[in-house]
Every structure is written in C-alpha cells, then in structure tokens.
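Each structure below is given as structure tokens.
Shared between the two complexes below is chain A, which has chain B as its partner in the first and chain C in the second.
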Partner chain A sequence: MTSEGWIGKPVTRVEDARLLTGRGTYIDDLPMPHAHHAAIVRSPYAHARILGYDVRAALAMPGVVGVVTGADVAAKTKPFAVGVTSPVHYYCTATDKARFVGEPVAVVVARDRYTAEDAAELVQVDYEPLPAVVDPERALDADAPVLHEKVGTNLANHRRLVYGDPDRAFAEAEVVIRERFRFPKIGSTPIETYGIVARWDPIDEVLTIWANFMGPFIMHPLTARVLGLPENRMRLIVPQDIGGSFGIKTSMFPYIALIGLTAMTTGVTVKWIEDRREHLLASSSGTDRVAYRELAAKKDGTILGMRFRWYDNVGGYIRSPEPGCSYRPLGNYVGPYRFQHLEVEASTVMTNKSLTGPNRGYACGHLYFESERMVDLLAEKLGMDPVAVRKKNLIATDAFPYRTPTGGLYDSGDYAGAFDRALEMARYDELRREQAKARAAGRYVGIGIALAVDPSVSNMGYVATALDPQFRAKPEYLAKSGAMEAATVKVDPLGRVTAILGTTPQGQGHQTIVSQIVAHELGLTPRDVTVVDEMDTFTRIWSISSGTYSSRFGSVGTSATALAARKLRTKLVEYGAHLMSLPVDEVEWREGAVRAKSGKGASYTIKDLAGRGHWNTESLPEGIEAGLQATAVFHFDVAKAVDEHDRVNSSNTYGFIAEVMAVEVDPRTGAVKILRYVTVHDAGTIINPLIVEGQIYGGALHGLGGALYEDMQYDADGQCLTATFMDYLVPTACEAPTIDIAHVSSPSPLTTLGSKGLGESGTMTVPAVVANAVSDALAPIGVRINELPINPSALWARIHQAGGPDMAPRTPHSLGASRETRDAPRSAG
Partner chain B sequence: MKPPKFDYHAPTTVDEAITLLSRYGDDAKLLAGGQSLMPLLNFRLARPAALIDLNRVEGLAGIREVDGQVRFGAMTRQRAIEFSPVVARRLPLLVEATKLVGHLPIRSRGTIGGSIAHADPAAEYPAVLAALDGEVVVRGPRGERVVKPADFFQTYLTTTLGRDEVLTEVRLPAMDGKAGWAFEEFSRRHGDFALVGIAAIVAGDGARCTMARLATAGAGPVPVRLRAAERILESQGLGDAAIEAAAARAAEIVEPDSDLHASAAYRKNLTRVLTERAVRRAVTRLGGR
Partner chain C sequence: MSEPVTVRLTVNGVAHEGRCEPRKLLVDFIREDLGLTGTHVGCEHGICGACTVLINGEAARSCLMLAVQANGAEIATVEGLATGGTLHPLQEAFREHHGLQCGFCTPGMLMTALDLLRVNPQPTEAEIREGISAVLCRCTGYHGIVKAVEAAAKVLVPAKRV
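And then the complex of A and B:
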C-alpha cells in the first residue's frame, strides 16, 4: 500500500535552509515587548553559609526594577522533589548555604542586561566560607565537610543491586580481574546556551514561560509545584529551534522556577539568556565517577559475572533525574554479553561541584569505558585476542528478543554480524600484522575495540530503582513506568497536510523525518507536508515522558507519526468507499488516492476528499467523526515499573554499536593520533541516512571530547578551573578523525516502522575504544588507561615513568597506505 | 558577560591616541584587533575607564620593505601577513608562525602589534620577534623609541610599553635567503595557544652551521632566546648529535610553569623535542627554497 517509499531516503533537511541563513527562531529571537533582563548573582565560594543580603545599592541603580534573593526563594517557593529519600532541600537558588561555585544566590532585573550585570555587582551577600570537598571518595570520609546537615552525610543515595549469584560466580572463577577507573566530569556545551522568558499575567493568574527546554516534561509539574501554581496555570512554550542540547537542557528547570518567580515578583516580563561562563560554571554535566570493577571468568574467556562499585559525584545537590547516572543503563548493565551474575553497588555522592544530569549517552559512556576496558584486561590476562574474548561472550543472534538478568528486553539485534562487519571494514587481521611491524620498528601503535548496546527511549520507571524495594512495596508508593508520544496529522480544507507534534527538536531534524513518514504513509512527497513541532503545554498532547531526550524520537516519535498517518488514511479510505458506494474492503489506498481494488470507477485523492469532507459534511458516512484529522498516541507495552528484584527494562529499544580504532602514540609528547576509526551501528530501520550519519559524527566527536579533551576541573577549594573555552577544551572539526560508518539493520518488532534511536551513539563507545587503543599501543611498556581524558602531559609522564621508550627520533608514517590520517592534537604547520 | 561602562574614543591619528592615553593616565586601553581585550572586558577582568580604538588611525597598517627590514604597521592584520608576497619572500618563518595563530576569524581581526603588545607568553609573534631579533617602534608624548625584544617583554602580559605610549611598528630583519626555518608547536587542539612553541632559523652549509636562532613560546613568562643551544649548533654543526645536544641544552635553559594543561616537566620535555624537530626541519630547508 505504501510502496512509494520515503523511508530510508537521504532527504535533505528542510530545517537547514533557515538555520544556515540565520532565519531560525531561537529563544533569543522571540519578540518580547517590554522585556526586562535578568542577571544572576552567583556564589564565588564552593561552600559557604549565607548570613544575609544587602540589595539597597543594586535597587538604587537607575533602570533596576527588582532583586530576588535566596531569602525570597525560601519564603515563596518550595524545594524541588528529589528522586531519593534523603532530605536534600534543593531550591532554585541557594538559601541557607551555597554549595558550589556559580550557584545562584540572587537575581537582578533591569531594563537591559548591561545594567543588570552592573547592579548584580552591587548585591552584597554576607558569606561565611566553609571547608569544601570535591572528590567523591574523600566526601564519604568521616571527617569530610558535610554539605547538607539535615542529611548528615554526603551520601545522597546508596543501593546494592544483586542479579543472579555473583558470589558463586566469583568463587568458581578461574580468573578474576580487578581495576579502578575514573571518568571525567564532562558536559555538552551546545552552541545555544539556556534561555528563558517569563511573563506573569496577574488577571488570569497564568505564568507563561518560553524556554529552550528539551523535556522530559515531568519537570513541568515539578516546577509548577515549586512555584505553588496549578499545572494549568503554568504555560511552557518551546520555540521552534533549539541550538543543540545533548541532554544538558533537561537540567534548566530550576532556572524556569527562578525566572518564573522573578517575573511573578517584579511584575515585568523577565528574560534571561545564560552566558557561556554561566553555562560552564553552573548549567549541568555528567557525573565524574570513581569505579571499582571486578570480573570473574573462566580460562577459556567465558565471563561468569561482574561487580561494579560506583561513586558518582552529583555535585552540591542531587537534582532530578539523578541518580539516573547510576540507573539509566540498568537494563543494559551487561552490555552485549551473556553473563548472568552481577552485583552493583551504587553510591551517589554530593560534593562542592556544579550539579549533574543527563548528558548525551547518559552514564553509558562511563559504563562501557569500564566494561570494555575490563574485557580487554581479561584478554590480556589470558593471552587471548580481544576479538576472541568478545565473541566468546556475545549474545547470540537467535536469542532475540533477549531478557537480560537486570530486566532489560533487547528487542532485536545481530551483534556478531555487526561486529564482523566492523572487523572487516577495519581489516582487523591486516591491522594486527601492520601493528606487529610497527612495534618491531619501535613505534607505539595500538588497536582498540568497543562494543555497546545502545539503549533508546528511557522507560521513566528506571528512576525508581534509586528507592529500595521495601520502600517501593509500601501501599502509598505509586509505581512509575512509561514512554509515550503523540502526533496529529490533519488535512486542511484545500487538501494540504499538516503534522503536529509536541517534541522539542534541538537539531535532530524532526520536521524532515515527520514529513518523510507522513509522505510515505499517504503517498505524498515530503514537500507536501508541513510539520509543526513547537511544544506548548497548553495546546499539545503530552505526558510526563514527553520531550526529546534519550534518543527517543527515532523510536517513539516516528511511531506516533506513522500511526497517526495510518489512522487518517483509514478514515480517508472509509470516506472514499462511502463516496464510491463500495464496501470498505473493496477499496484501497494506492498512489495517494482511494481507489477501487477492481481498478474501475472514480478515485478520490486527498484533495478530492478534503474538498468534500470540509465543505460538505453531509457527504460524510454516518457514524464517522467530522474533520479530516487523526491523533495517535504511541506507547510501549514493554515499559514496566521496576520489580521487587530491582529488575527493570530501563529503555524500550536497544541498538548496537561495534567500533574498531587504531592509534599511534608519540612517546616523546604523549600525543595520540587516530589512524583509523570504524563504527558500525544497528538502529533497526533507518528513516533518513543523512540525519543518522550526522548523529554518528556528532556522537563520535562528543565521545572524543571525553576521551581526549574535556574535563571540568576544580581545585581542592572547589574553584572551577575550566570556566572558559580556553581551559575547557571541546574538540573541533580540526580534531575530527576520518570516520568510516556502516549499518546493519535488525528492525525493532516494537516500533511502527522498525526504527530505533541512535542519537547518543559514539558518546557511549568512543571513550572505551580510545582507551583500549591507547592501552594496546602502550602495552609493551605496561601503561594502561584507567582514567580519562588522556592528557598528553600526564600520559607522557606515565610513559616516562614506565621506563619509556628510548628517546631516539623516529620518522612517523601512517599505518595503512590507503588512508589519509590527520595529525590529531598537533597543529598543522 | 557584558563589560562595565567605558568611554569610547576612535582617534584618527597616533598623536590623538597619545593625547587620549595621557588624559586617562593608567585607565585607558588601546583596542587593536580585540581578540584578547574583548573577552577580558566581557569577563570584567579588564575595567578600563576608556577604550581608545586604533582601527580608524590612518597609516597604522601596512607592510613595507626598507633597508633589509620588513616593517609592519602595528595594525596590520595577521591575515594580511599570512598572504603577503613580501613576507613570503623575506620572512617565511613568520608565515609559518602566522598559520598557527588561532583560527581564521581570529587572524582576520588580530594584529601583529596587538599580539606583541599583549605579550601572551604562549603567542607565536613574540617568539618570532625574539628569534629574528627584530625591534618594535613605540611612540609617546616624548617622541619615538625603538626597542629590542629583550628590553620589551618583562613578564606575563607585561611589557615596557609606557601607559601613554603606542606601539606603532614592528620591524623584522629579512631572513637570509639561504637559511632554513621552522616553527614547531604543540597544542592540545588546532588553533590553541601553544603549550610550547619553538621558532628556529639556521644557516650553514653541509654540517657547518654559520648561524642559529632559536626562541620559545609558552616555555616561560616571556619568549626566550635559546642562546646556549644556538652556540652548540654554531660550534658543533647540524649533525644529529649536535642537534640533540642543542635540544637537551634548550630544555635546561627554560623555566616553564605548570598549569591545567601541562606540567613544567612536560613543557621542558616539549622544549627539547620541539627544538630537535624544528632544527631538523629547518635543516631540510637550507640553501634556498
């Protein structure tokens, strides 16, 4: 019926023309008459008691209309609900104490941002500085400074999760590997920072917020509650275009409360566009983590079980949806491997650093860095090839759908097939031979592998894993689960088609994808379809899981769109059959029109049907609802609440990534040069390969940031050392390696089109594959990578300490004659 | 990130600029390409009472060849230097160094005078000025003076430029057409300030070295001429052993600091490695280009 296919076509993005010519509509572009501007006063101390405020000088400055302080926040708002039982009181500003550098303590509103910043300097806050702690392990020492006296400890949450019989697995193991890892605190640094405009209408008592917020919209009711507003009195509107987010714009909800309160207090429309320094100091990042890992195996390489012990550093407060840093990948803790026995001890620790939250790959970059390093260490210990060890343990292709011991339901996959494809593309055996030659010549060439199960569409239910089963068993506890999305497709009176969604695209190209799907289902071309996806909580159909995060659009948004288009098609067929006086089963939708299956008689295109259905409702068959439109709400049946054994299908669809990377390390400078990088993805049905490729490039570069460059650093007093792009190093196009991409396709049985998300992609694998490749390169001198990012200065020191190579100069030449490589960290001459 | 209030002046002559500087005493900043000053203003790390914009001063930009020197008006953009035929012919080291300055948009605005007057220890131009032993021309109320690099750079971001003086010209001696040159630097990303950079010029024939000039960027508070290392090359020649000895000596001379990105020991190591690499590459260019 829909053989005129637009699915899988490399349709160029309809968004690009406006974005590339400066005609996008971002938050800062919205016309806001009479808006005043906010400047936020932030704590210069990592840890300090706030004794008082003096705002008189600021208020006296011409152009200033108001100042809101932590005292106002404490009096007029509630603290945010946190996902744990610890009594952490997290308000939208500091109230009793400041707990990280950059924490908001007051807001000044003035006629322009310049004046607001001048006045912000005049706000006097009386601080009593306190000792700070920044290291998550140190923060748990008995004598460490305690951030939250009411909690009494810096441990915000602690869970021990046991699956299978890990003690027995370790008792029976022939080989046990133990290692400690550190993963850095990294962010996303979207080109567009946070932005919020708030307007309070005292007559209707409606607070309207415009924000480049990405969801999930569970944050809407949480924020309305903080402000004491009924949900239907807080209207949240997301502009058409968002300049990137990568998870980070989930965590802007405290600012929505703060700017909302400021508008309600001052009575003026308040606009706040976060600047880059604010963003680097105090927006959001992933956690820095210390991990202790253990792996039990047999001598033949069979993995029997693992133990994870994690210390995740969430900064000064645990902010929702943390501790997702520990539990978001719960269903795929075991990755692509078959082992059944696992113990996870997850500690969520508060220290005097900025706060954390979802960041592209949410906790999966951490997970696979540790796991894939452990698999390589096992291979090294057993003298096996890392490929052989992995193949020994992969989930078999005929095992899908596969239930993991932690409750994940891997919907489809061909892990061995994808892995083989990556090895073929990298010419793995040849690469090993070239490596042997290079080593013989004294060069440090290494080959890394990383495999990852790529989860998409979070099941909101995973968050409850933070609570222990006894708590969840209480009758007053309300279980949580779900992932849904709605779409409407409508035909206007002249036969034009519009699709409406409540998603919040940040560059993912939803308009393009939706136009392809609707065109595909209705026999149109994508150009014929107008797509509107500006989220508005007053007009769109939404629920707590709505939003564009956890790579969900590729699974759930596409499914809702296809279902809505099909529902509309069914209605059009029914109407057409009525007009043709034929039974419905004797007509069909073919080439954009209702036609008799017999091929005889009239046919009715969408335009024909619109011309009658809208203008002459009498022509509609009896019992049919007037109006040529359909709305579908798609949700996953496999999204269940966490069970009493802490098992949960934490995501809904699961793709796969297999990567091979070859690197050369310059032992004299510690520079890492990427010689070859192959990445193979299985995201089920691909709707638009161009968009998919863009996501893979972006994910890989983002992952490379965590592997080689990015690191939000603090000194022992909690001062942030990386608050500018001079010091927080984000890889640019110049640092990008050549990326060889291929796909295999195992369509999901759960989604309407068989597609899965893949927006996070290389952020999950690149830290692992780089660490494995560099460790392999330096294996001859026993230097292994257990910490990221790999800073050349630190790596050189380790090479030097390891006795290093002789310091004789060598002529560098590239590995693999066919490939041009880029001298990654060195500037071209 | 909005600057505090400041007065803005756009003089059209150097004398006018000097008058304004004198009027504001210590409290004015000259605006050239703005690639360092504007961020400092926006971060409120610099809070001058006035900005004196040199962009409309007549005759302050341009490249001339005079008496064996190439003279650069202080407001000459880095991008103009990158593509100047005169510079390509007479100062190929400067072309190579220019390509390492930031990124294209930075070079399109950034100026040679601004870079040298700002005196960032990791910048390329101060190292080239030191290696070529050029001079800067400075004009103030008491007239003009010509200053050698050793008398100009004092410490981080600090020069002997008086508060009422304007750097008007940079003079670099044309390189010997038979000399070899290289600018080697190591930075974590393309376009970043160098962790260490080495400018090298060598002249000679066969293994004999008649002249060596080596200078650093990023290996201490000011660019350093590596004279002891130069002397090793000049006395021992350009063979492998001499180059390695000179590089080892270079690492001993410098006194770098540790920061977020690199330890002092690593910077010393880079000084050695990059000196070696720069000299080797310079040697391959000996005898004309």
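And then the complex of A and C:
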C-alpha cells in the first residue's frame, strides 16, 4: 500500500516490540547514576494538629543527606492555587495540620531507598489527634469537625445552576421520581505508580523534573509558582513510556513540587518512586458522591426536567482540577435526552479522606449511573419498557449539531441508530422472552440498558463554572477556554519522515496512530515514519491544555498530526511544481510523489525532494521557507469560556455509547454473573480498530470494577481500610467479561479526520448498565440498586432485607421518596 | 544494616555475581544491580504480579523474595525471551492480538503465561483466565491477553513436537 488507506486499519503497534522485550523506558528505568532516594513520612492520623518535628535521629543515620519537613514547606513554598474562592491552603505537605491518613508530613533523602525508608521511621512528628469526619453529608453538619479553620466550613464550593425553567417543569409534571444514590471512591490504580526525579542546577537556577506525569496541563504553571520559579526554569521531561494512568497521574503535581523542593534544599538529585501502599493511601481517586435526584415527566414518558443535588467528597483539600468532579460533564449533563429544564445544586465537600481528581470517566460514571437509573425508575413507574422511555426522549438524528440547554455542542451523532444497533445485537426481544422463562423458573435474570454521550477533549474553561457569575463578571477576572495540540512533521536529508508531538501516552498507542496518519497523508507506510511523542517543556510546543487526558488525543492530537502532514505535503507539492517548471495547479500529490496531472514528465518522491531541498537550497522556489518540515497547532473554535448563564461547551467532541447487558444474580451468594454484554460506540472516524477495541475492553473493566468490586473504604476515624491490593479489589481475568462490540460512525465536523475520543468509554456506562440489569433481575423482590459497588456482601444483605432468596416473587412496591434517605429531598415544584 | 553478602545466580543463561545487603529484594537486585529493568515493580506485596520471573523454571514473585534466597538459582526474565531480532511466539502473539497497552504488567504477564503453557500446554479459555489471574492488568480488560495466550498455545504445542 503506498497512498491512502491507512486510516481505519488494524495496524499492530510500533510500541509493542520494545515493551514486549523489556526495553521500555519508564520513569524508574531512566539511568540516574548519582540520584539519591526519597522516602516520605506520612500522617498516621486522619486529622491531627502538627506540634513539631524531631529529625535529629534521621539526620544522624549514615547515608542520610537531608530531611525536609512541613515547616520547610511552609517557609519555602506557596500553597497551590485552588479552583475555588474558599481560602483553602493546600501545600505539597501538611503544614499546620494533617487532614487525611497518608498525607505527606516530611521527606527523608538518603543514598538509597532502603536507607531512606529506615530513616523515615526515625522522624518524630508530634501530633495532637483531632476528631475526623469522612461522610460528605455529615461533614456539613453544624457540629462536624472543621478541617480548615480559615474556611470555617467543610464546604469548599457550592453552586446552584439553573437551565430553562425547572420549577415549571416539575409543577407541570404528571409523574415525579425521586431517589438517592451513592457512588464509591474509585481509583483506577495504574500498575506503575507515581515516579519523579528532580535535579536542581543552582548556577543556572533550572529545576529539571523527570516524571510520569500526563501534563504539563494547567499544573505546570501552578507548580512553578509554588516553587517560586519562572516556568522556563522548571523543565518537565516525561519518559517515553508511562505504565498506565487513567487520569490518576494528573494529580501527581504536588509531589513534583515536593521532590523539586527536596532537590533544591539538599542539592542532590532526588528520586522518588511511590509504593503501592502510598498510592492507595494518598495518590488520587474519583470522588465518592451522595446524589439526590428528581425527574419530572409526562405520563407518556416524556422527560420534562431534572434536578441534581450532589455532595462530592474531595477529601482533605480541594486539589486542582477539582471541583471538576461536579462540572466536567456540564455540557452533557442532559446526556442523550431532549429535556430543556434542569437544576443542579453542586456541593464540593472536604472530609478526612485522601484527595481526588480526574479518574477515567471523570464524573461521567457518576452522572450516568444516576441518570440512567432514574430513567429506568420512570419506566418502572409508568409500566413502560425502558427502551421505549429512552426512545421517547432521544435527541433526533437530524438535530445535530445540537446545542444542549447547558451549553454543550454535540457535534454529530445518530443516537437512535446506535441504540437500535445495540438492541439488535443483544436480540433484545428474545432476551426479554428468555428472562420471562428464567423468572418463571425462579431465576433472577435481569436486562439493563445504558446510554451515554461520551465527551472528549475537555475545554479547560469549564472549571470556571465553580465561580459564580458575579465573580466572573469582575473586570480583574480572566476568562478561561481552550483545547489545543501541536505536531511537527519533518523530512530528513535522506528522505525519511519523523513526526514530533508533546503528548504523554500511557498505553494508548500514539506512536502507532501518528505513524498511520502521516503515512496516510503522505502516501507512505507507517514503518517509514518515526514518531517521537515525549513531552519536554523546553523543546515541545505546548500550552495550558497540553497533555493526555479527557480522551483528547483521538480528536485533537490526531487533528494536529493530519494538519501538519497536509501542510508539509502542500510545501512539497509547491517545491515539486517548481522543479518541474509547472504551475502548482497542474501538479498533484499522488502515490507518495509530486506528479504532473497530465501524467507526463518527471515525478518527485519525498526522497527526491529531500535530496534536493536539504542539500541545495538554491533549488527551492523563491519565497518558500527553507527546511522540509511543517508544524501545525490545532485548536477548537467551539471551546469558549463559560457564559453569564453558566452555560459552557465543556468538551469539544461528543461520541455516543449504547449498551445492553443481561445478568443473573445468585440470591444465595449475591454474586452477579454477566450473561451478555453489548456495547455500540459512535466515535466518528476510527483510525485503528485494534486500539479502539483495546480501549473499549479496558474502559469496560474499569467500569465493572466500580460497579461490582472497587471501593476505597475508610472507618469512622478516617483510617483507610483498603491500602493493599488484597483489600482494594481490582478485577482479574476471571472477572472480565467478553463483550460484543460494534460501531456506528458519525464523523465529527470539527476534527481534521472526523475522529472523536473514546478512551473513557465503559467507565461512563458500565456502572449504570450493571445497576439497571441487577435492579431488573431483583425487581420481583423489590430490590433496586442505588449504591455502588454491588459487591456480593452488599447485594446479599439487600436480598435478605427484602426477605431472602426463598421468598415468592411479588409485585415491586412503589418507590418511596424518602426510602433510605437521611435528608429528604426538596418537594417537587 | 548488615554487611553485604555475595549473590551468585544465572539470569537468562548468563552467570552473575553481585554483593548486596541480605535484605535486598530479588527484584531490586535484578533491576538495580544487574541493570535488567524489564522486570517491573507494581505493588511489593505479591498481588499485582508485574515482577513475576521464572526461578528454576517456575513463575515466582521477585518482590517477595530476597536476592540471597535466589543464590544459585537459574532465573529467566522478559529480556531472555526473544532470540536475536526474533520475538518469542508468545511475544509475537501479544503483539498480534493487542495483548498490551501500557506494557507495565506485560513482563510479568508473559512470564506467568509461559509458566501456564509449560504446565498446561493446551489450556481452555477458562484455564487461561485462571492462570493469568495472578497478574493484574488495568489497561486491556484482559481480552487481548487471553486471545494472545490462546494463539501462542496453538503455535507452541506443534513446535514442541518437532
């Protein structure tokens, strides 16, 4: 294959050979011969005042070169800027108080890791333990312990957002559904933990950081400010290989500041590799959330409006980009449905748990778990099939591009088409018949459905929704928006092509995808293209949104690559035309060469042009820039700042997911078995179906982990109960389902190739589809799932509360508004 | 801290001798003293399986063992699988079936799968899942890995008969 044809091909990955032979370059593999090692002293208390430190014994240990404590941090660094106006002082260690178990309080640097860990045990920290609070609702009680005295409350942020006229929608409703939900604290726990190496050059005053960080993103400027460094004196280098992230490594920037400070203080190169216990205690997770939901509808199933009331638990401090937990899905709050009236009351609460941040599916797993359960509850209340209720409310295929009431701009889609495809693949009607038979035989089989709009490429402007419109209207307020990425494609003097990006892939195969796109655009094969996709803030083109997060590469990185390749192609065509003494419009790029459209005369391949263009610049046409390379910076025009009505297009491309799952519940054990699982995705143009399938499988298993197993648990004193992989249950191959996958394609009009992201995929839908399927399975005994994870013990308890497995099936009872609620939701209208 | 001891072992057919503290983990010895960074550390408590190597032919966690305990042992790590420029059939199958994404669990997964195929050359899908459940992967949903091990079994069994 010479030209065209590389988009959509299941090309095997160029990354694989090195990773399969043990030649990957992860952070811990970088040769750092003179590095010393850090061990972090962490708080054993969830909430305690720090009265003092005694580091003498640690410093006296042979091999120890220095200790940095919270007192040094308070003296030498600034607190991190937070995305809210509350005066939360968040430093890279505890300073005045420790606010969660595992919070760093000091760092010991020694000649090797073993010595550093020994010395860390000798650091004496004098604590005055304080009462702890871990529940986000309890934390708002007047008598709850307050974490930050200067804030005076545990409420870090609160916004009430109103779109349309929700009061009227509820007043006019013929049916109102109310429910309370709980979503667990889940961490995607990449198998490679955080790692940082910091080197301080005191003469040039440059701090070089090597880290498996997925930015720079907004965190690079935040971190430089904390350390008092200009950004062009803090060099971030991300190694070629990162061992997974799933959003979690967005949140390592406080450690970059801490290890950076440690290097600046001790004068030695400092290396820190997080261990698993540290990771589970103190890296990052999504929020645990309590949600109160209300839905207003007509008797025919038309949804008129919704109310969301959220309590998101961000742990001991609100760390950027939180409170994204509440606002990341703002543009797609309504999901795939047409309703226009919505009220959102979002409370971001601080408690004595570890801190939160982006975790695969960032806030969308929560959103769709609640919304899709509500739709099923509506169907149940009206005696309608859950498929019929959804179809009644879907955004029509001819309505795209579709502006949501919250400001989202759904670029393309065919939701009904994708949904029908999923139902067809699942043989939905037949499944229902099989279910009826199974029920008659006393088995608990259920069918779940979940639909989701899959947002990709966050518009970083959404975070400003946390600030109220009056604040944003002040003249000194600087608006925020944007999503960009850069790529360079160059031809070397012997005619081979190199593409350079500053993305930070964590297993998504960017090198493969970029090589496909460049080969496609230039009429080469992927093997002809070398791809360098490592971030180095001193050499790459980057901006505030740069990094690999929010499923953005599939849209924005691919667009920049294609644009750069096309720009280079245009230049090569112009050069070729000049060599052929023909006007540009009489030549074309065909099969990897510039050729006369007439078919006559000489042709010039990339190699021919490189040989002349590099070695003899005199041969270039007048006015053309020397050098055979092109750089393109792609950005989305639709990424605007949040408006005065709190509307914002929070992402830039929006895919779609339709899922059907059949499960069987064993009422004696509470175990859930997946019988069938169908997922249909619309991510626009697919560049590599092999990689896409991998993303879908991986995302689905993360979703399943959250639905059935994973939960970072704390006791009432704030002690973390899940600090090992023996307690924090990650699915193994035995729990992983087989998935029937299909695609429909509505190419995005906004991206160069029509592609959209889909990296988060099933993390958004699986919690919802599992909860719906299990609720349907247990409908005969009236058990409805409103809390995750549905682990066997939790489900067994629910089944037994409902009378146990031996009770005769009965008609589901009607939903009580205050069932299992401690705080009655506001009444309708 | 105790005095260093001498550790002699064979890795991928090459004899090595090193001196380290008695408390040094085997995985740290392999990575730091021998410079073989293909073996990864994911949890240091024996659950994730990323550090799995073959010790005298059997899969074992190199994070749960001291280097001194491996004195005299023959160890195989991921670096020893490919010969020259040719991937081992198991590695080739992982590439063909997209059995890896970030690649961090992959060395442990390969060594575990190799041990599985040695003990059970023609495993069923359920047996493969059970066999590789000793290694946690957060990227792939295990689908590509299961397919790869199935495919490798088909290639490796006839090869052994030759």
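We take it that the second predicted complex is superposed on the first by the 802 of 829 C-alpha atoms of A that agree within 3 Å, B and C clash if a C-alpha of one lies under 4 Å from a C-alpha of the other, contacts with A are read in each partner's own complex, and residues count from 1 in each chain.
Operating definition for what follows: a residue touches a chain if its C-beta (ideal position, glycine included) is under 8 Å from a C-beta of that chain, and two chains touch if they have at least 3 such contacts.
From a predicted model like this one, the values you see are computed outputs, not experimental measurements.
Which partner does A:Lys480 contact after superposing on A: first (chain B), second (chain C), both, neither?
Neither partner.
Output check: A:Arg13 vs chain B and chain C. Expected answer is one of first, second, both, neither. What do you get?
The answer is second: A:Arg13 touches chain C but not chain B.
Go through the superposed model and pick first if A:Arg99 touches only chain B, second if only chain C, both, or neither.
So A:Arg99 meets neither chain B nor chain C here.
Quick one: classify A:Ala700 as touching chain B (first), chain C (second), both or neither.
second
A:Thr669 in the overlay: touching chain B, chain C, both, or neither? Say first, second, both or neither.
First partner only.
Would you sort A:Tyr709 into first (chain B), second (chain C), both or neither based on which partner it touches?
The first partner, chain B, only.
Output check: A:His47 vs chain B and chain C. Expected answer is one of first, second, both, neither. What do you get?
A:His47 contacts neither chain B nor chain C.
Considering only touches as defined above, state whether A:Ala797 meets chain B (first), chain C (second), both or neither.
First partner only.
Which partner chains sit in contact with A:Tyr114 here, chain B, chain C, both or neither? Use first/second/both/neither.
In the superposition, A:Tyr114 contacts both chain B and chain C.
Would you mind checking which one, chain B or chain C, touches more residues on chain A?
Between chain B and chain C, C touches the greater number of residues in chain A.
Counting contacts the way the document defines them, which residues of chain A are shared by the two interfaces, the one with chain B and the one with chain C?
The answer is residues 113-114, 118, 275-277, 724, 726, 732, 734 of chain A.
Once bound in the complex, which stretches of chain A touch chain C?
Against chain C, the touching part of chain A is residues 12-13, 15-17, 19-24, 26, 28-29, 113-115, 118, 188-193, 241-244, 246, 273, 275-277, 506-509, 690-691, 693-694, 696-702, 724-726, 730, 732-734, 736, 738-739.
Sort out for me which residues of chain C touch chain A in the complex.
So the residues of chain C in touch with chain A come to 1, 21, 23-24, 28, 31, 36-45, 47-48, 50, 77-79, 81-82, 87, 91, 94-96, 98, 100-107, 110, 128-130, 132-133, 136-146.
Which bits of chain A are touching chain B when the two form their complex?
113-114, 117-118, 121, 275-277, 668-671, 709, 713, 721-722, 724, 726-727, 729, 731-732, 734-735, 791-793, 796-797, 800, 809, 825-829
Please give the residue numbers of chain B that touch chain A in the complex, ascending.
For chain B paired with chain A, touching residues are 1-5, 39, 43-44, 96, 99-100, 182-193, 195, 260-263, 265-266, 269-270, 273, 276-277, 280.
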